[in-house]
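What follows is a pair of complexes built around chain A, which joins chain B in one and chain C in the other.
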Partner chain A sequence: MTIVTRSRTGAQPFVALMTAEWTKLRSVRSWWVGLLSSIFIIVVVSLGGASGSTVESLDVTVGPDGEAVTDAFQFVHQPLPGDGSITARVGNFRGTEPLSPWAKAGVIIKDGTSPGAGYAALLVTPDHGMRLQSNFTDDRYVDQTGPADSWLRLTRDGDSVTGWNSRDGRSWREVGTVDVGFGRGPVEVGLFVASPDVFRTERSLAGSSGGSFPTLGTAEFDDVEVKGVSGSTAWASLDVGKPSTPGSATGEATSWTVSGSGDVAPLPPDTDAVRLSLTGVFIGAIPVLAVSVLLITAEFRHGMLAATIAAAPRRRRVVLAKAIVIALTAFAATLLAAAAAFLLSQPILQANGFTPPMYPSRSLLEGPVLRAVLGTAVTVGLLAVLALALGVVLRRSAAAISIVVFLVVLPQLLVAALPVGIGRTLLLFTPGAGFGLQRTTATYEHVTASCLPEDGCLAGGPWLALAAPIVWAAVGLAVALAAIRRRDL
Partner chain B sequence: MEHHIDVRDLRKSYGAAVALDGISFRVAPGHVTGFVGPNGAGKTTTMRIILGLAAPTSGTATVAGCTYREVPSPLRLVGSLLDAGAVHPARRADHHLLWLAQATGLSRARVPQVLEVVGLGGVAKKRVGTFSLGMRQRLGIAAALLGDPPILVLDEPTNGLDPEGIWWMRGLLRDLASEGRAILVSSHLMAELEGVASHILVLGRGRILADSTTEELLRHASAGRVLVLTDHAPAALSALAAAAPGRVEPAGPDRVTVAGLTSAQVLRVLEEAHVPLHEVRAYQATLEEAYRDLTVGSVDHAGAGHRGEGARP
Partner chain C sequence: MSYTVRAIRAELTKQRTVPAPTWLLAVTLVALVGIGLAVVGTVDLEHCPPGGCPEDLARHSLTGTVVAQALAALLGVLAVGDEYAHSLVGTTLVAVPRRGAVVLSKVAVTSLLVSAVAVTGVAGVYTIGRTMAPRSGFTTANGYSPLDLSDPTIQRVFGGTVLYLLLVAIIGLGVALLVRETAWATVAVLSMLYMIPVLTQFISDPSWERLLQRLSPSAGLAIQNTVVSANPPLTPWAGLVVTAAYAAVLATAGTLIFIHRDP
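Up next is the complex of A and B:
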């Protein structure tokens, strides 16, 4: 009899349960209203955020690739008509207290003395060892060699510049070659010192305060030797660009003392224009998360779960089907809303001063923007699974919705009051950490930029941000599956 | 191919409270089996265990030889109605049946068919929240019939139905049984099962009190009793009580029943006592009385003061 029964009726495919759950979801009008209002809120609040933000278009220095850069330093230089090299020993690097950890002293070959011109430099720093840098964005760590007794050399062969390092001035090792792109024509060669402003943030419950403080670094160079120049060309010194504090240089021929302020580096924008066009997601996700909770708590409340379980007695499959359906729905709704919010915000932001070079125009399909929009949608999808799981465990709509909102929104509000480092790490463990993917501003190791957790700047970079929502959703689902299995309905 | 419901030694306790105290029964195909007992007797608990919604403390409940959870596509084997209110009020009737059909892998064409069967064809696209309790019962029956199952488990299906609805439900249940289905129908009112159930299970305080055909149950309940119709019931009562102590009961303002005496003995006793009477005949018990006898007896046996349980005629 049993065998006959089983052969007569096929096992329910999982997709059948998903179809049934989708029918349940779409057949309650107020849930549709919830989903649509999520989309509406995300778009409208984001556009409001974009309209309310303006920046003054500053006179920004532009690097060789059209990007915004900082190019300000004290430069002791002479022209180099073709191929050649510069060698110098750098030492006694000191300066204002505190000296920026990214203060730079070294040798440089630059395509002229105007700010933004291409360059290659071999330099030492107080805290970040020896680096071979070129054209602002390219930064290569060489080793821990600090500013004590380092011989540095750059040799130019047309477009390519090779760095060398020696501990005694006699035996040299090659540390790398960069392609700078200034052709075979004349360039400027010399010594340089730069010391970027130090950025400090003080935080308390009352709010944040802080600012940047100018620094000045001083280094001594000797055994300076330039090859490839005809006869004795005179040295000249100047501040390239506009350092916060004027620099100076004293010395002659082979021995110089150089003081400089400023930095030679990319200039990331203060505001992430992509993140700014997605500010509505936080609030807008709440209705979709409420629907995720209701998808199960409504069944508890109306006693409907008995009918569901009578139709599909393997309860964990039912919960899994619900989880997949609500995750995909939340993902799709958020994706649609975030893409619309981004696209509609762009003209508003451009009108408000978010213009190149500081704010290059962004396309939805470029890597970081796509990552921000998809990452936002994936995060809301995972949060929907967490919300559903809480609904399964708590069985009460109000309790589950409150906890979801508490877990997602509260840390974002609280974090602004915490010290930056703690906040960046703490936020990484909250379910909302995935919204860190909304940060599209490029981060450079050699640029100390403002990195506040409430701006989406979390410890560990953007991709690690997805770890927390994945773990929260997975653990929540596991607990929910265990709970639904045992319970009498 | 026969589909039974088999319940064996089923126990269910919630902490110290025992809801089911080792019950066993079988529901056979081709019959409506009435499942009666006072509220709280354990009928719904038994049905929930049969449907895999609650786990028994010990014992088994199987449908066609499998536990419910083992059945791959249960709505094709067992149709059930537990709580007619258990529908999201914002959902349309046809959508409620549609997701059930989809979860079971049934054609969506079944939805209008079963709505037609229960007489809800005209309100298929109305929200369930606007339905009366009777309409929700019909929707619950539609859901139970969706998979055309050989077994039906229905908890108080006539609840909230108007007289026309009750009449319709009785006919439907008889038809479904005549098609060879095994049907278990619970009720706390024995009278509702009269003329429908051909087999009766009486449940009281977590135990099976009776498990027999309706015919047998009635015969047993009426056995040897004599009905007296008289305008002087109190006088008849005291006269008969002297002849058969403890076996006389008032059955209404103008009637008394006696056990242990024949009609002739009753006539002689009343004649000697000069009690005028209209009629003396063999008593025909109703299901209600059979049920009352059983439940009162069980309560007495258990030693608790539940004499008021069950409706007096």
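Up next is the complex of A and C:
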């Protein structure tokens, strides 16, 4: 016979309470069935989601690091056999209305003229100032661009390229050095203009009506000076890649007018393959949440709570023990299911066209994937606490289960009927916001990409998504603790 | 007074005297009208391409059906589940020994209550659509005809929504007869209604999407379509038939099991 040790206050140690709750959870068969069916539904529905999704493998340009990129612009260039520099004054940047806020005009040193080759560029934009960018993903803010023209200079020393800027063409300020990785060999140096398509996602009632509109930017360059080339080298111009509108360049030697379309930037995928492999969680979580509710409502219904309270008179500790046990159980079950769903989905997705470079093969242990899987499990754990709290307060299984399901599932369904901005903010306040952590698509400040709330793109980025479930669970638990203490059984 | 009529009266008394059905019906009404208000009020037609968005005003003003369907199903679940929860089934069968009559009276009363609320709610949404939508840009000048109940399509949308809610309530009742446990019947019904709409948000293969939409218990929502795409997965009435088939199969199976199983 075991003797339960009691502290001086007469209360059982908290661990004993948790063990008791775990024993209850473990010994009701339908609850086990509920937990297992959650795992089953998460995996099977996720695999269904993966099987039902195909992408056409497009001919994607690949950047120097193997990533998918857009590389299309008007390039006025000449070969630079070794070290050297280019200087130019850029001004009167204008274009089609609306011109993309990320249209680019500036000087560039690029490893050849083929799309996807490494580069370093110092450029001005209509809305985002002067930037030093290299190899597509690297982007640094340098300076504001005032109403006056800007002088730009890039100097190459082997692999590294240093940017300089000036307000008057005489006093120069170093703005940064980037390592491009083109060795000591010959490169192309010159002027460029790119203006990305303006992508608009607007919501009107049901679907998202989106469209991209080609734009064309035009900039004036003068005082162009290249060092490190023989004096007789001629300028040439071409469209690198396939811009949506053909560009053009007119001028000679030191003065050019360049028009260009396209973009020089990373190309994020339309679909988040990791989130796509976790689609079952929204529905699969329902049985776990039902078990969380039943953990308390079953005791109300069968009059067992009186016995529980007689054994452990401090009621709030009982509820707290239940909360911890169910949170950990829900977390573990979801973690298992989400990890399995992710791993099993990968071969299916690859067969359906989710292949590199656009969709690199992912490992469960790499940062964003781990964050998605763990974040999903943590969110379900927190939702379980909220479900338990609703059970304590409402004392009715059907009501508590429906409310928690409504809170999680309905926003995801209804957000598609709201304008994008409102939806993105509104979804952030729902307990299911934590599933926003499933979004793994890298976001770049210098790329305008589709960002719909139902795709997990919430205001404030992934980590803020966890705030809402934490607050819902904490407030729910606080109300439940107050209720169980005050109310009669 | 005939046997069945007495059984129906007994059911009505039960539904009237427990708080849950009243609550559910009230929330159903609020969901239909409230969400209708929110959707019609926030609609944004400014960014439509020239020629207007292909918008379906009737359908979108009824967005609240997404919530109302679950509440209607719950009403069906509770009509049966509550008796099991409180072990009152035995008492019911002592009073009304013919089990078929018990199920019939539950179906009748649930249908009556859901229809009454659905008709009220749908009428509210119709009023909102008529009065508020022109202010959100749905004007004749912009190429949108106002909602008009004399239009057979509009009759089909609003009348069909009432029918759909009714069928979903019967699905709830059938599931509860099979499961005999409120909590798990709730889980089953909510999963049935929401699984496929959530899943189709993520998947991108059109043939899969069509297949799932055709198999979904909530396929009946197709009755709300007025703007019919070139090749819809389901015609409006075919969708309602899918939901009706679920209701018929589940209610029949539930009744048979209820008759032959020890309660």
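Just so it is clear, the second predicted complex is superposed on the first by the 475 of 489 C-alpha atoms of A that agree within 3 Å, B and C clash if a C-alpha of one lies under 4 Å from a C-alpha of the other, contacts with A are read in each partner's own complex, and residues count from 1 in each chain.
By definition in this document, a contact is a pair of C-beta atoms (placed from the backbone, for glycine too) under 8 Å apart; a residue touches a chain by one contact, two chains touch by 3 or more.
If you're wondering where the values come from, they're calculated on a predicted model, not measured in any experiment.
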Touching A:286, do we find chain B (first), chain C (second), both, or neither? second
Examine A:405 and indicate which partner it touches, taking first as chain B and second as chain C; both and neither are also allowed. second
First (chain B), second (chain C), both or neither touched by A:308: first
Once the structures are superposed on A, label A:184 by its partner contacts, choosing first (chain B), second (chain C), both or neither. neither
Quick one: is A:454 in contact with chain B, with chain C, with both, or with neither? Answer first, second, both or neither. second
Going by the contact rule set out at the top, does A:16 touch chain B (first), chain C (second), both, or neither? first
Just to be sure I read the superposition right, which of the two partners does A:30 touch: chain B = first, chain C = second, or both, or neither? both
Once the structures are superposed on A, label A:316 by its partner contacts, choosing first (chain B), second (chain C), both or neither. neither
For the overlaid complexes, name the partner, chain B or chain C, with more touching residues on chain A. C
Per the contact definition in the header, classify A:485: touching chain B only (first), chain C only (second), both, or neither. neither
Do chain B and chain C touch any of the same residues on chain A, and if so, which? 30
Complex contacts: residues of chain A adjacent to chain B: 1-2, 4-6, 8-13, 16-17, 19-21, 23-24, 27-30, 298-299, 302-304, 306-314, 488-489
Where on chain A does chain C make contact in their complex? 30, 34, 41, 45, 48-49, 51-55, 200, 202-206, 209, 211, 271, 275-276, 279, 282-283, 286-287, 290, 293-294, 297, 301, 352, 396-399, 401-402, 405-406, 409-410, 412-414, 416-419, 422, 454
For chain B, which residues count as touching chain A in their complex? 1-3, 48, 51-55, 64-66, 68-69, 71-78, 80, 82-83, 85-92, 95-96, 98-100, 102-105, 143
Residues on chain C engaged by chain A in the complex (per definition of touch): 20, 35, 38-39, 42-45, 47-49, 53, 55-57, 59-60, 63, 66-67, 70-71, 74, 77-78, 81, 85, 181-184, 186-187, 190-191, 194-195, 197-199, 201-205, 208-209, 212
